[in-house]
Every structure is written in structure tokens, then in C-alpha cells.
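Just so it is clear, A, B, C and D label the chains in written order, and each chain counts residues from 1 on its own.
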Amino acid sequence: MAMGLGLIGTGFMGKAHALAYRQAGAVFGDLPEVRLALICDTPADKATEMARQFGFSGARDNWRELVTAPEVDIVSITAPNGLHCEMALAAIAAGKHVHCEKPMALTLSDAQAMQTAAEQAGVRTMVGYNYIHNPAVQHARRLIEAGEIGRTVHFRGWVDEDYQADPELAWTWRAKRADAGLGALGDLGCHLVSMSHVLLGPIDSLVADTQIIHPTRPLASGSGRAAVENEDAASALVHYANGAQGTLCTSRSAWGRKNRLDWEVHGTKGMITFSQERMNELRLYRNQGTPGLQGFSTILTGPAHEPYGAFCPAPGHQLGFGDLKTIEVAQFLRRIAANEPCFPNFTDALSFERVIHAIDLSAREGRRVSLNEDLRS
Amino acid sequence: MAMGLGLIGTGFMGKAHALAYRQAGAVFGDLPEVRLALICDTPADKATEMARQFGFSGARDNWRELVTAPEVDIVSITAPNGLHCEMALAAIAAGKHVHCEKPMALTLSDAQAMQTAAEQAGVRTMVGYNYIHNPAVQHARRLIEAGEIGRTVHFRGWVDEDYQADPELAWTWRAKRADAGLGALGDLGCHLVSMSHVLLGPIDSLVADTQIIHPTRPLASGSGRAAVENEDAASALVHYANGAQGTLCTSRSAWGRKNRLDWEVHGTKGMITFSQERMNELRLYRNQGTPGLQGFSTILTGPAHEPYGAFCPAPGHQLGFGDLKTIEVAQFLRRIAANEPCFPNFTDALSFERVIHAIDLSAREGRRVSLNEDLRS
Amino acid sequence: MAMGLGLIGTGFMGKAHALAYRQAGAVFGDLPEVRLALICDTPADKATEMARQFGFSGARDNWRELVTAPEVDIVSITAPNGLHCEMALAAIAAGKHVHCEKPMALTLSDAQAMQTAAEQAGVRTMVGYNYIHNPAVQHARRLIEAGEIGRTVHFRGWVDEDYQADPELAWTWRAKRADAGLGALGDLGCHLVSMSHVLLGPIDSLVADTQIIHPTRPLASGSGRAAVENEDAASALVHYANGAQGTLCTSRSAWGRKNRLDWEVHGTKGMITFSQERMNELRLYRNQGTPGLQGFSTILTGPAHEPYGAFCPAPGHQLGFGDLKTIEVAQFLRRIAANEPCFPNFTDALSFERVIHAIDLSAREGRRVSLNEDLRS
Amino acid sequence: MAMGLGLIGTGFMGKAHALAYRQAGAVFGDLPEVRLALICDTPADKATEMARQFGFSGARDNWRELVTAPEVDIVSITAPNGLHCEMALAAIAAGKHVHCEKPMALTLSDAQAMQTAAEQAGVRTMVGYNYIHNPAVQHARRLIEAGEIGRTVHFRGWVDEDYQADPELAWTWRAKRADAGLGALGDLGCHLVSMSHVLLGPIDSLVADTQIIHPTRPLASGSGRAAVENEDAASALVHYANGAQGTLCTSRSAWGRKNRLDWEVHGTKGMITFSQERMNELRLYRNQGTPGLQGFSTILTGPAHEPYGAFCPAPGHQLGFGDLKTIEVAQFLRRIAANEPCFPNFTDALSFERVIHAIDLSAREGRRVSLNEDLRS
């Protein structure tokens, strides 16, 4: 019997989830079945309209009704970040599996509570770090694991956008710590941490800077300006558990960057680099072959890079952003059916998000922070 | 009442159509409704399995039953090219709208027959030239129409892959003219013609070369070799109706090219270039601004380039190959509902395919060929 | 005893020659010695000033005095193209070796006369096709000769600039056939032919289009417009003696192109591509290795690519435009000393320039032209 | 009367200086004259041979004789870094102007002594930070100063090579702190600091990591391994005096990087990025124009970017590595003649090199270091 999906939220990520759940089974062919049961938004007529557009059987304007509805087995949370915790805890309490957008929560305490609850309830969880499901990225991971570039010794990553680059953009709740939590680190930085984790494993300690580039912003009302309370940019020097070092950088005020999520992995035998704005390419240098012929190879993804072939049997035809979410959903459904842990589940995602909070803490206290510390204090 | 879709074929393009019809309404929100009515493949159990995977209500192993079924309003044809004509004529005879993959047919006579039948029957038609629906390409078209690069004076295009580059690849029906029709021109070249048409309008005349790079191929049986009868590569010098000139080139034996469909439009005030392998980018040079600051701008597609925003509200997140087919389907459904001609319909596609046959004719006869000639003789 | 250089002209190419002759011996260390003997320009005080700047022992304002001066062994001709023939013939008559800028002459008759005279006199000649001396290009040639990409089957090349792209640029002598000879073909196209020759060998026949994009230009005087008599753009379909086919394209009205001289060589085992605007890079694809790892390698030139190392012992540090002329000069001096033919000498260059005149002829007569024809008729 | 040059060293940098001093006057035309007086290397016959090749009047195998020779006005020091200080002090004591390769010295104490001596003696000094003289970089600087990208708020830079990437490369003196001083920071990192200084001004404080990636290397003798004492890689979080923040990273063990010296400057109105491996290009994004047309412009250097035009009057033809040294020499000669400070002189270079020593200190002591500290303790 098909699992029922309850989706909370119909914005950018809500639509991405809806499309991915609609499509995953048709793309992969061998997935556990899923029904689009309920969708939730406000006001009620918007929920109804979205149910019609996305093909959900029912609509709700109260998320509490959705998370407890018997026809719902999986709750997908794409509401504003500040609501994730309460929604997730309610869904877990109702025995639902939970698919939650990143970041898990505004604070580590909340994220920790979510992780504990999920673990105790034994439900499956998945957090929306969709970029790591890119076949190009997974191929890089496999190359590293196979030793193609030797021992990994260094990592550099950057995740930048320009949605807060304009100094005269109006102040919004995004700039308020109580409502939005971290700034660029929460929106963007945690994606980079997820990449770094997939490629080099966990981080041990770090020292970091954060920067508020535009300290105030004009009020939309037109009178006066309000303070920006969270970081526009952050940079960290990190030490990995495997002995590697590296740098993680993020900015939401980097003009011209639309979805930059670039990284490079330095190995003792080679180098791999990637750029999200050209997400269907991987660049690989290996110390082998004739000297005069050595160079970075630009590899275009294709069926040789699973699960690209489920979308298209011909190489170089390119996946898009939405396809990454479809892969994420497929993994979630498979693991639920197999009763196995998902990646990244609340435990994994908590470890990613501890890193961005450690960056914030290091910058505030001006000292190196260990990931073993109690970061919530 | 929703229109019913009957889909013939479940391979590369069959799956692409199925996914696009499933998804288009959810992506766009304001489309006429479509039901996934029937799917056809052989043997019957494969058809049944595909119906389950893609969500079609019924399955058939005989396409004639599908095209005449009362629950089918639109017939989507993704069977081998040699079958398109018979299928399309039958569907048209049954009063169905027809969505046909490119090329329309192996011969111009067949394509002409399809066009005539559709016109007489008054049904809507659409041919699968999906690359022209890319928001980047449509944006280029709009820039040209708005005069941003002045009068268009020159065009150069290339469409290359490497699926026939290996000289020791086994001989298949693709190499046989009676079964496959044209070679690289039919598989790839016609896509380039569609781009050229969208950007510069119709071609008046041309002179061309074709080339069989690998004259024989080993038989799969292992004994002996068989002749390759159709072109591995072709090149043409073209004159446009608007006075521009240009070159069109294609190869199916171009190592390293996975889905190259590149072009450049030369205008009197600027230049636009595009590369399908980086399909979310457009490069624009305009003769304006400070000399020391002039250069090609790399524009990443985003919501400013319709209908990108229907897929994702954030720029630089990238569409994929499948999304182009979704846009094509959306256009088809809208035009059917509006009772207006689609683009490119059988009439448009016939004009594209006349160009590839003119290239073949020019190469065979060693002379400039006018597109006004009767190319079927 | 050092050879004496007499240099005619001090413009773009004159300076390039002066700098190259000054520097070649210091770069290479093992070259035959050359003295900067005489330089010629008008008026006399300009010649004197240029002699001072470039370090020539003497100055002349009459080139006839220079070509017959006893202290001159090599005559370098960088005067306007229409003067090359007379100057070269006089220098040859005086028994001098001749280094002439491209194109050799405005007409094939003149170029032929130069070639015949040089051959009969037994002097060494070199023509300024400097781009082919790029270590990246020579490395490509060696890779091809070593069979790294198999049999070469196809070539495509483009050479574009935008110095005549602006429709409102004033009319000059460059647009007049009697004074300037060919248009884009003479300025740019012949460079591409030299590349094509180095990589694939001689062309057998071709069919071509030429295009005058801006038929008239405003007179500098401000009153009225004058006709443009030579081509702004040209395109050709070529057949090589080795059985390969290809396309050659050029435009002097291609906005945004500053020194585009790009090409791709298709082989049965691989592909090499090059772009002059990134002249220190070569891109190579070979059909070998693991499928998921295949891609174009971007090779940065370095000491492994001779004679890069004479300029710099570290890879990736980049040569510049001037360095190509220095390599050309070094080759010329070595061959003079060794009493061996240079490449490309007047015989080679004549064969290149026959191609551009064949393109012009083909376009005028609307027919395929053989390179064996008497193209001067 | 022409100034006399005495050049110490004939290796990579020695040759670069020789070529640049030979060529600068001919390139620029309006420079103070310079004579190639003496060159020094050992053994004596090598010095003599190099004098012949490069065109110096005399040769010495004892640098002390060169620095005190009356025919020498400028001493160019390209000997191993550990010798710079003694040589420079001797040259200054003899009243010579000094052109010294980077880094100035192995220790800050030595560099400080050099700076003090030069200042007291009133001689002109120049340090070989040649990359900052690139017309592309100077154009970026001018754009920033003109406010084209608003207030500069963030900087990121990387300078990487792979000459120490191979773990099995033999141990050399480069790995020994007493002989080589710093590792990647001294070879590469200081170049990045010079770029950062030109673009954003001085750094106030920083916190840093250094990393020895290959802790031991095999002895060339074949028996056993020796320790690597200086850093293979380093990363720093920096605060600028102007309020900006940023990251500086370097590695000499980064496979595939041949001469990467990349940076990006984030401004409140735009972004500029640069890559040394494509040193003739600048990428600029400005927040202006129609949304759908915004993107990074790739600007090819040309005569609009001084002093490119002194080398070539046509854009896009590209300068090379050697040309940067020629520009440096031209600046030095001009400033000597004008009796004005050069950039970067010993005072400037000392400030650059204080930064790399501060990075080293911060990593060793695990704390933020101010550039106002006495870094020599």
C-alpha cells in the first residue's frame, strides 16, 4: 500500500518537494509507491488551489491537522525555518517519517531536540541537502573513496549568492536573529558543510570570522533604517578528523553569484573541483600520463554517473535543480521501505549544522572551537 | 474535461514525454488538464509495466488501437523514425492532435504527407524540437527581435555527438539509408536548423558537403563488415531570406562531444553565443559602454528568462534536459486549448527538415540548392 | 660574423619584428648572431627616432637604399601589403634573405613572382604566419603526427575580429580592392589556412561564400558614402588531400572577437581544440580510460611543449603574442645558418594564399574550385 | 648618460630580468637609458657565457665585485633568497639602486634591515612582485578606485602550484627552514599579499593555519627520509584596515595548479575576479542594466588597459609572463630618473612580507596576530 505524503508549505521548496514526489516513481520505476495525500498552506483557498495544481488529494490550512492525519505517513516540512522544530516534533509524535528542509532549526537546541525525538521514535528522517545528491558530486565521492586522487589533504569551498548584496534592499525578518537565526551560514553555509562532509568527512575544530557587510537596511515603510543582526558573510579555517585542513566561505552579498557552490578537494595524487553553477561538470586532475598531456579533465555527467541514467540515457544532456530533489526523494522512499537510515537524516544534518553554529561561536568569541564542545551554551 | 494522452513508445523519448506530460500542469499551474490515458509498447507486459511506472490508465501493444481509442485526444509518437508517418497519418485520420518526435519522417515525401493531412484535418501538431524551448534560447530570440544586437548578418552553428565516432563500433540499422534515412543530419542536424530558424528565420539556398567518415563497420555477428550508407558529418553554407549568410555543421563522429549544439549570431551591434552543453548560460556582447570594460557577458538563466520561473524562483539554479520537454508540452497543451497553431507544428518542422534534405541533395549533386526547389525528386 | 638586419616599417608589425630580433638570441642562447643594421620609415626623423628606440645602427627613409645596403643580409618587410612584392623582389635581386609579413601580396600573380624569384636566387625566405609557431599548436601537430587522435578526418576553423564590425566606421583604403586586395581573407583568413595546413596538410578543393556585410561606409570627409569592395566575411567547405573535410570561416565584422583564431581537429581516436584568445591552452579528448572519467583535458603549456622552456622554466606562466614572433625569428635565423628551407617560406606561404584566392574565386563563380587550377586567370 | 645594470644570477629570474632590461626601452620608447654592464654567476665561464647570450658588457663570478663596480648604477638581485639581504646591503652601501626578487629575505629581521638601509641611503628600490604590474590587475585597481564596484568589502585569493605535490619527490634545501625560510608562503603567498594590497590596501590583523602536507621526503641519496620543516599550505582569515574581511590561501602541493593566482574582490556595487592562468582576462559584474542581461563580463586586455598598447596595438593578442617583468623594469627606471619612490619598494615589500610572517606566527601560536605587533620576536 502506497505511503501518504503530507506536504507543509507551497513556496520555493514546497513546490520543489511536490514536483519531486510526483515524479520520483516515474523516473526510477522501482520505488516504493507514494500518494500525494495532503498539502497545507494558508489561507485555505490557497491550499486548495495548490492541491489541485500539484495533484494532492486534500488540502489543509492548519498544519497540526496534517501531521496527525491518518492518511499521512510522511510529513514534508518546507515552512519557514523557525517553524521546523515544532512541526517536526509534532509529526514525530504522531509517528510520521519526516522530510525537513534545511536548516533543521534556528538554534542547535531545537535541532538537537528534533534529532533526539526522531531517534527515540524510530521514524525515518531526511533533511533537504539536495546538492549532495548530484551525480557529479556522488561520482567525486566515489573517486575519492577509490583512491583516485590519493589521500585527501585539503578542501576549499565557497557558497555565495547575491540576494543581500544591494545595500539599499529593504530590511526584512531575514535580518533579525530571533526570527531568522543565522544569516548566510543558515541559508547557504550549511549546504557547503554538507558537501565538505560527503567528500572529506567530519570536521574536528575551526576558527572563523563573520561579517555584517550592510549593518543597517532601510525600512520598507520608508522612514529610517533597522539593524542587520546576522552575518552577510563568514569564513572558517577548519581541521578535519582525517588530518586534512581547509577553508569554508560563504556570502549572501556577493554580486554576480547566483548559486555558487564551488569546491576543490586536494589529494596526494590529484585534485577534483566542482562548480554548482555548472552542476553537470566535474574537473579532475590526476598525476599520471605523459607530462605534456596532463591537465584538468572536464567530465560531463552521463549514465556512467548514477543515477543520471534514470533521467536520460544520453550523456551531456544535463540534469537540472529539480532533478536533485527527485533523487533525494527517491533515496528517502527507498530507505523508509528498507527500514534503513537515510542520508542525511536528522543525526547527520545536526552534525552539519553544529559546524555553522561553531563558526558563529568562534567568530563571537575570537577563538578556535572544537566540534566536541557543547555549542549550545 | 481533461484531454487524454496516448503515448507510443517508452524509450529515451517515450520516457521524456511521459515525464513531461505528468509534470507540466504541476509546474505551470494554469495549463489545460491532461489525463495519461494509454501507453503503447511491445510486448504487452512491457507496456503494462510502463503504464504502471509512468501512471497511465491503460496499456496497449498495438499502436493502431491507441490512436483510435476514444479516451485519447492527443497522440504522442516516439517510435522509431521510420514509423512516424504511418502512425501520424492514422492518428490524424482519427481526429487526434499529434505530438511527434523529430525528425518527422525518413523522407520528405512522408513528411509532406503528414503536413498535408494535419492541415486538412485541422488538428494541432507539435514536433519535438525541444532545444528551442530553452529559456536561454527564447531570451536570445527576444533580444534579437528587440534589436539588441542590431540587424542579424551571420550565423554559425554546430551540433555534434560522438555516438558513431568509434570506427570499430558494430554496424546497425542506423547506417542503412532505407531504415534510418539520413545520418547525422536526421539525428542532430535538424535540431540545429530549428535553432537557426528561430534566431534568423528561413533559409533560401545552400551548398553543402556530406562525409562518411567510417565507410564500413564490423557486423555484430563478428564476420565481415557492412557499408555505412548515410553521412557521419555534413557542412553547409547557407543564405538566409533576410540576407544573412552562415554555416551549419554536424557530426555524429566527433569525439568528446556529448550534446554539443552551439551557435553564434552575428549582428551589426553585437553578438550572442550559446552552448547546449552549458544550456543555462547565454553569452552576449554589445557594442556599447566604455571601451576598456567591453566583453562578453555570461548570463545565467533565471526568472527573468521565461518560463524559467515556473520551475524555480531563484536564478542560477539551472534547468535540465527534461525541463525543456516539459515546456514543449505546456506550449502544446495551451495552443490546443486556444485553438491556435503550435510552434513548431508539422508545417514548421517540414520547413526545417527540407533544409537537411537540401543539404543531402546539394552534396550528392555538387551544386547550390534552393529551398524553393522540389526536393523530393 | 653576425648577419645584418634591415627592417622596413615601424608600425604594429615593424615593432613586433624589431622586438623579436632584439630578443631572440638572448632567449635561445644558441642562435646565429644578428645585428640590427638599418631601419626604414618616413619621414626621415621618424626613422631616426625608431632606430634609437629599437637599437638599430642606422636609419633610412628610402627602402631601396636599405635593401641594397651591404651591411644588410636579411630584409624584413612590414610595409603595407601592396608594397611587399616590389620590396621583396628588390631585396631578392640584391641577394638578401627576406622575412615578409603576411599576406605576401595583394594578388596571386605578385606572390607567384616573389616565390619564383626567391627560388631562382636561392635566398632564404620566411613569411610571418606567427601563430603556427605557438608551442601549443606545434604540440598539437606532434600529437597528430604521433597518432594520438588517430587518423584526422575533419577540421573546423574560425578566425574573427571586430575591427570592421561597426557599420558607421569611416571608409578607408582597406575597403578598396585595388589597394587592399582581399578583405577578411587577406587580413585573417590566411592565418587560419596556415593553421589548417600545419595540422591536416594541403587542401585539394573547396566551395565558398563571401559576404560584404556593410556594403557602404561613410566617407571620413563627412559627405556621402563609398562602396566596400572586399569581403567582410567568408566561409568555405574544403576537401583535404588526405581525404578529410572541413570548414574555414572568417569575419572582420564579428563583434566581441578580438583575436579569435579557433580550430578543432577531429580524429578517429580523439579531438584537439584550440582558441587563440587563450593561446596557452590546448584541449584534448582521447577515447581511452574509464568511461565515467572521460572528458576534454585542458593542457596548460609549459617546458614540456618546446620551445616554451626557452622563455620560462615553469609551466602555466604563459607566453604572449610577441613571443610567437621571437620563435619565428629564431627559426628563420637557424635555417639561414644551416642553409635549409624555412617554414613557412615563400613556397609554403604561396600555397596558403592560393587557398584564400580560391575561396574568393569560388564565391565569385559559384562553383567548386580545385587548388590545381590556374587561380590567377 | 645611461644607467649601468649589474645583474646577479642567471636562473629563472635572472634570465627574466636580463630579457626585461634588454627590451624595456624598445617597448616603451620614452624610458631612461640603461646599459647592460655586468652579470654575475659561478663558475666564471658560465658568467661569461651568460654575458654573451644576454648582451652584458662584462661578467663576474664574485658578486661583491659587481655591487661595487663603478659602471654599475642598478643592482638586480636574483640569487637564492637567503643571499638577498647580504647582497642588497652591500649594494646599498655602495650607493646603488637595488632591484631585488621576492621575497626580500628569509626573515623579517633581514628584510627590515634592508628596508632601513635603503631608506637611510636614499637609493631607489624595487621588489619583483611582477604580477601586480599586469595591465588587467592595474585596470582592476583603477576600476575599484573609480568606485565602479562600490566600497570593497571582501577579498578572497588563492595562489597555488604543484611543484611539491608529489609525496615521493626528493627532499631538498627548500624544505629546510634555515635555508629556505618559509615554504609556500615565501614562494607563492607573498605574491597574493601583493595583489591583495594593491586592490584593498593594508591588512590589520589575521588568524591563520599552516599545514605540512608531506611531513617527510625521501633523501636523494636513496637511504631514508628527512623532515619537511616549512609549510606546504597556509590559509588566513584577514581583516583589512578599510573594514573589509577576506581569506588568503596558498599551497605548493595543489595538483594541477601551475600558476594559479586567482582572486575576487567583492564590492557593494559589483565584483571583479581574476585568474593568473588566464592573465589577459578580467571578469567584472556590476549591479546595473536590465536584470535579464546581467552577468559577468569577460574583458580581454587591450590598448585600453595601459600599458598593454606599448606591446601591441590590437586587443586580445595577449601579453606573456615576461612582459610583466618588462613593465616592472620600466617603472623602476622611470622612478629612478624622476627621483621618486617606486612601487613596490623595500618599504612596500616589507609590509607584504610582514603578512606572511604574521600568518606563520598566528599558526604557530594559535591566535589572532596584529600587523602592528613586533613580528620578529
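The rule is short, and it goes like this: contacts are C-beta pairs under 8 Å (C-beta built on N, C-alpha and C of every residue); 3 or more make two chains touch, one makes a residue touch a chain.
Computed from a predicted model, the values in this text were never measured in an experiment.
With steps allowed only between chains in touch, the distance from chain B over to chain D comes to 1. Among the other chains, the CA centroid farthest from that of chain B is the one of D.
With centres taken as mean Cα positions, chain D sits 41 Å from chain A. Between chain A and chain B the centroid-to-centroid distance comes to 35 Å (mean Cα coordinates, whole Å). Per-chain Cα centroids separate chain A from chain C by 54 Å. Counting partner chains per residue, chain B has residues 257, 294-296, 300, 302 touching two or more of them.
Contact topology of the protein chains: fully connected, every pair of chains touching.
Within the complex, the chain D residues that touch chain A are 149-150, 153-154, 156, 158, 165-167, 207-209, 211, 213-214, 233, 235-237, 239, 245-247, 249, 251, 253-257, 266-271, 285-287, 294-296, 366, 368. Listing the residues of chain A that touch chain B in their complex gives 12, 16, 18-19, 22-23, 25-27, 29, 53-55, 161, 163, 257-260, 277-280, 300, 302, 311-323. Put simply, chain B touches chain D in their complex at residues 139, 143, 282, 284, 291-300, 302, 304-305.
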